[in-house]
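Provided herewith is a single structure, encoded as structure tokens, for subsequent inquiry.
For reference, chains read A, B, C and D in written order, and residue numbers begin at 1 within each chain.
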Amino acid sequence: MGSNRIGKVFQVTTFGESHGCAMGAVIDGCPSGLEITEEEIQMELERRRPGLSRHTSPRKERDRVEILSGIFEGKTTGAPIALLIKNEDGRRDAYEPIKDILRPGHANYTYLKKYGIFDYRGGGRASARETVARVAAGAIARKLIAPIVCKAKVIEVGGEKDPKRIDELLDQMVTEGDSIGAVIECEIYNVPAGLGDPIYDKLEAQLGSAMLSIPATRGVEFGEGFHAAKMKGSMHNDEYGLDEKGNIRSLTNRHGGILAGISTGEVIVFRVPFKPTSSIKKSQKSVDLSGHEVPFILPEGSRHDPCVALRAPSIVEAMASLVLADSLLVQKSYTR
Amino acid sequence: MGSNRIGKVFQVTTFGESHGCAMGAVIDGCPSGLEITEEEIQMELERRRPGLSRHTSPRKERDRVEILSGIFEGKTTGAPIALLIKNEDGRRDAYEPIKDILRPGHANYTYLKKYGIFDYRGGGRASARETVARVAAGAIARKLIAPIVCKAKVIEVGGEKDPKRIDELLDQMVTEGDSIGAVIECEIYNVPAGLGDPIYDKLEAQLGSAMLSIPATRGVEFGEGFHAAKMKGSMHNDEYGLDEKGNIRSLTNRHGGILAGISTGEVIVFRVPFKPTSSIKKSQKSVDLSGHEVPFILPEGSRHDPCVALRAPSIVEAMASLVLADSLLVQKSYTR
Amino acid sequence: MGSNRIGKVFQVTTFGESHGCAMGAVIDGCPSGLEITEEEIQMELERRRPGLSRHTSPRKERDRVEILSGIFEGKTTGAPIALLIKNEDGRRDAYEPIKDILRPGHANYTYLKKYGIFDYRGGGRASARETVARVAAGAIARKLIAPIVCKAKVIEVGGEKDPKRIDELLDQMVTEGDSIGAVIECEIYNVPAGLGDPIYDKLEAQLGSAMLSIPATRGVEFGEGFHAAKMKGSMHNDEYGLDEKGNIRSLTNRHGGILAGISTGEVIVFRVPFKPTSSIKKSQKSVDLSGHEVPFILPEGSRHDPCVALRAPSIVEAMASLVLADSLLVQKSYTR
Amino acid sequence: MGSNRIGKVFQVTTFGESHGCAMGAVIDGCPSGLEITEEEIQMELERRRPGLSRHTSPRKERDRVEILSGIFEGKTTGAPIALLIKNEDGRRDAYEPIKDILRPGHANYTYLKKYGIFDYRGGGRASARETVARVAAGAIARKLIAPIVCKAKVIEVGGEKDPKRIDELLDQMVTEGDSIGAVIECEIYNVPAGLGDPIYDKLEAQLGSAMLSIPATRGVEFGEGFHAAKMKGSMHNDEYGLDEKGNIRSLTNRHGGILAGISTGEVIVFRVPFKPTSSIKKSQKSVDLSGHEVPFILPEGSRHDPCVALRAPSIVEAMASLVLADSLLVQKSYTR
């Protein structure tokens, strides 16, 4: 039912499994005439790439994107844009020994229940690897929405906000073979007022859905978010005034750039909590497919990522860019 | 672009403005053979109805639902079900004096930016009144999904969890002419494992989007939610075991009933923060449409609701029921 | 799965059964600022109305349209437009005696197979009555697409093209209690070049689908249509030239205004064959639901329409207008 | 707006240009557990392949399909299935000399008007080459719908039905450098009663739309089709009876297997007229992009296909299979 697709006009469909041949995306609905090169998409993939920090998993993916269609002489033609990223670091065998054991925090139980079949190699479709296709597609959205810019960063790890404390905490996780959660904040600049759809496709609903589609996210909040539930109306309402040029402005931005589902022209602000990486080096209670209780122990040599959120800012930005690209194009149909 | 519609198979389209003739919903995709009466829908509308508690706004809506189509001899026929609720308590004139002033926290600025036109009568389409159609449609979803049950309740008001303290806080808001935020928690019982779609339409993404489409919501979190960002993997992961009947079970439910976007069979748990009601009796700085700074003061006799979340549990339940109804029907197409 | 909806941006959902309370349409996606009155919609309903010619069925429907939402101070607001037409001429009892007999050419067998239930009253949802909602929605599309105009007319009845012969043929059908097929041709003027989508949503595919959705249609052909299958390329190709103003023009219009699925700026031309009315006064072999062979005889006093196509031009125009309205709005998203 | 996608549940998105890197399809919504091999898909591609008869164009495409995702250990997993067919016979240079001249009967004028840009290499996206991806996806649909079978064949070329006369006519077209139109008839066997959606997505509307999306088609008709417009109701209606096993059957099949948009269980029959190939070796009047009238002459060595319909049966079957696959899956959601 189209669950691998996002967007109403700028429609992105992704495909590929962690240890299959390739990951990819097809973008249907990108306007013609947009200049885009493989290098620009590649740059975004580099930002996402693991193995660049000592706290991210050392998978040696080169992640070279190929544009298969939709670009002619450096510009989009209006035809669907197909992007392909071949998988080079397979290591399928690594998953053989644990293929029949439910992995705590992972997809294998639910996928089995849903499909009656599971591609156990590295999580198959339910792998963080899948987000490489999102980032590739997001790179095109990013160009399309300029001068709108989506900027995401990790603002908190395990409850700590101080960079030095965060670094120590991550080192400790590596030592312990454990993992830790984190919060990412995203700000979107230069958004014109009027974007987003009322009722069921409010801009918060669309951005929120996009965020909750990222693996390991556990929620989302806009503006004051959960804190708004503790506030009085007289404190939470943003009053209106005029700026020096006489333009109507919100005097504060507790609403986080969106009112009644539609952008106000202020900076859009939201935060996303990520759970700790599910793969840890500690033994955990589990069950195998023949119905026996067995311990689950990650095989020797398995990758270990102490905090899955560390490389998620580029994914959050990609998803936000996809939503904004779509909103910009949808908005055109509202006017005669 | 269909922003007034929710659902892939169980598709609900709503219409109507706060002070127009009527509110309504059309459900396209309800299976045939479901028994449903106007009385059953009416019961849900009564639960949502304001004016039943001393802390909700005394709008004297009778909210009588009429079934216009899709039901024959007490059962759904597979034809679209149209539901109509006439608006009886108009009071359009009440909004005339303030129609040209931006209302802090309300939709008039963003709607004007989007559409170039605004139905100022009580917020028009962007009114909490609009949710009556959701509750009516939700009543049918509720019957369809049985024995799955969605139960929502206010668990916190202005940071307070104690009922007595909450009551005092609400009284204080009435006295001050101010308002206060709150958190609603929803639990969904009897969900079979395997519901929800991977990647972009994860069950969290669909439920989250549905919650963020409710007026005044500012976020959503599943399971441990934002708290997960402070946890270690060894604490957050739910281990697997066997129950007394030998069935696979999650030994704890920190994941909140959904893993990798798909239901696990455990209780689904999420929480939604509501901002304080935007309409307050205090004077606020604002601007009128001719570009002058003016105070915004709610007209004498205007309704005042100290906490918009108080009557939202039935709306949260309705939206959750719509998502579950859709997921159940979508799931059928996954199997051969 | 949304089978009661048409359109990607200008989305129309219809509801109602022949002998239920009311027929209706909800239009989601009409741009704001369009001036429209109930009178303008009413005018289109009058054109469709049966009982105005001696060769159409004398159902005494008044077909008064009510606008329930989406219009404020004479203009569309961008909110969904709900239109309601109450059913006044019920006569449900007329269908009781034949409710268990399959009606040759009618929907009751297939609906039973699909839904396991059938609203037998006048065909329920599968009645030509359903098109009243299409015509109402089409009236709004018609205004939106101006100066584009869709003009349909009956060009052939029972193989006859001469009006006098057609009139005689229809009289003969009334006398015999039989019915006759016909062909409607539609021309669409003032269409700008560039409308329609490539590949699966070609303008022919969209118009064709819309025509084949009208009850009793049996096909559709564009430009030379089936005759093109007998032609040589050198005769069928339209050559290009310049008009007096130096604009590129197709020197002929055998392509019927659409090439590769996209409008060329020439007049769009298509033809639609309608089968003879299925309800005739002759006895026909049939079967009842308990599995016995029985004759099917239309009850005394049943309406009889010798040629269902006679009142279809307004429906063809409405459907074509809906497709063009959608195409015009979709086209906006193709440009940056 | 998704114009490169077909299907509600069994959703196929195609991409690729005639002279780009590759053609491809992504199928989202194929149920898990279907056994399928590259060889089975390859077999369908061979049937479509040009150059196998002396009357089809000698493009030396090998058309090797690669399955990139969605299949694990020989079975579909429920993840999107990506299929890739690399383009090997480029010859982009052949199109350089004529890139600025409008080609009669081709897409370049309309694509330019729509997108402001045109990939002139062999028609780019608007090439019959694009159908290779449809046939690949159709091969999977074909397996899914078994025992339903779609069989298409050319029944008429240039008005001739006799094979010997057709052969002579095609030889004549090759000699003259001209082309000729044809009619394809498709029959679909073993369709259960009850498939197809009422109102806007009638089975005729869906099949008709799919047929009109095939390049060079000019119409479609079901059952008696245009001939029904010449018939009386008493001749056209199919009466009901019981077969030897006591099952309800239509005694004749003038309705072509579909009544009121829903399958009756009888063989589905439709016919599709194809226009003559637009590329002919005769000089034609045209205009270049700088606005001068110039003759259009196909470059020396260009391929020439006297009758584009000759290799279309596999495409018609593929498209019909896609529609049936979707209908079968959609139908599941109609029942509780």
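Observations
Following the convention adopted for this analysis, a contact is a pair of C-beta atoms (placed from the backbone, for glycine too) under 8 Å apart; a residue touches a chain by one contact, two chains touch by 3 or more.
Keep in mind the model is a prediction, meaning the values are calculated, not measured.
Across the assembly, the mean Cα position most removed from that of subunit B is the one of D. Looking at C-D alongside B-C, one finds more C-beta pairs in contact between the chains of C-D. Mean C-alpha position of subunit B lies 45 Å from that of subunit D. As a whole-number value, the distance joining the C-alpha centres of subunit B and subunit C reads 38 Å.
Centres computed as Cα averages put subunit C at a distance of 26 Å from subunit D. The set of subunit B residues that touch two or more partner chains comprises 1-5, 8-9, 14, 29, 32-33, 78-79, 111, 114-116, 125, 198, 330, 333-335.
Of all the residues in subunit D, the ones that touch subunit A in their complex are 1-5, 8-9, 11, 13-17, 20-22, 24, 26, 28-29, 32-33, 66-70, 72, 75, 77-82, 84, 111, 114-119, 121, 124-125.
If you check the complex, the residues on subunit D that touch subunit C are 1-6, 8-9, 14, 102, 104-107, 109-111, 113-116, 125-126, 130, 156, 158-159, 173, 178-183, 193-202, 204-206, 208-210, 212-213, 215, 217-242, 246, 248, 251, 255-256, 258-265, 273-280, 282, 284-287, 291, 293, 309, 330-331, 333-335. Of all residues in subunit A, those touching subunit C in their complex are 9, 29, 31-34, 78-79, 144, 198, 329-330, 332-336.
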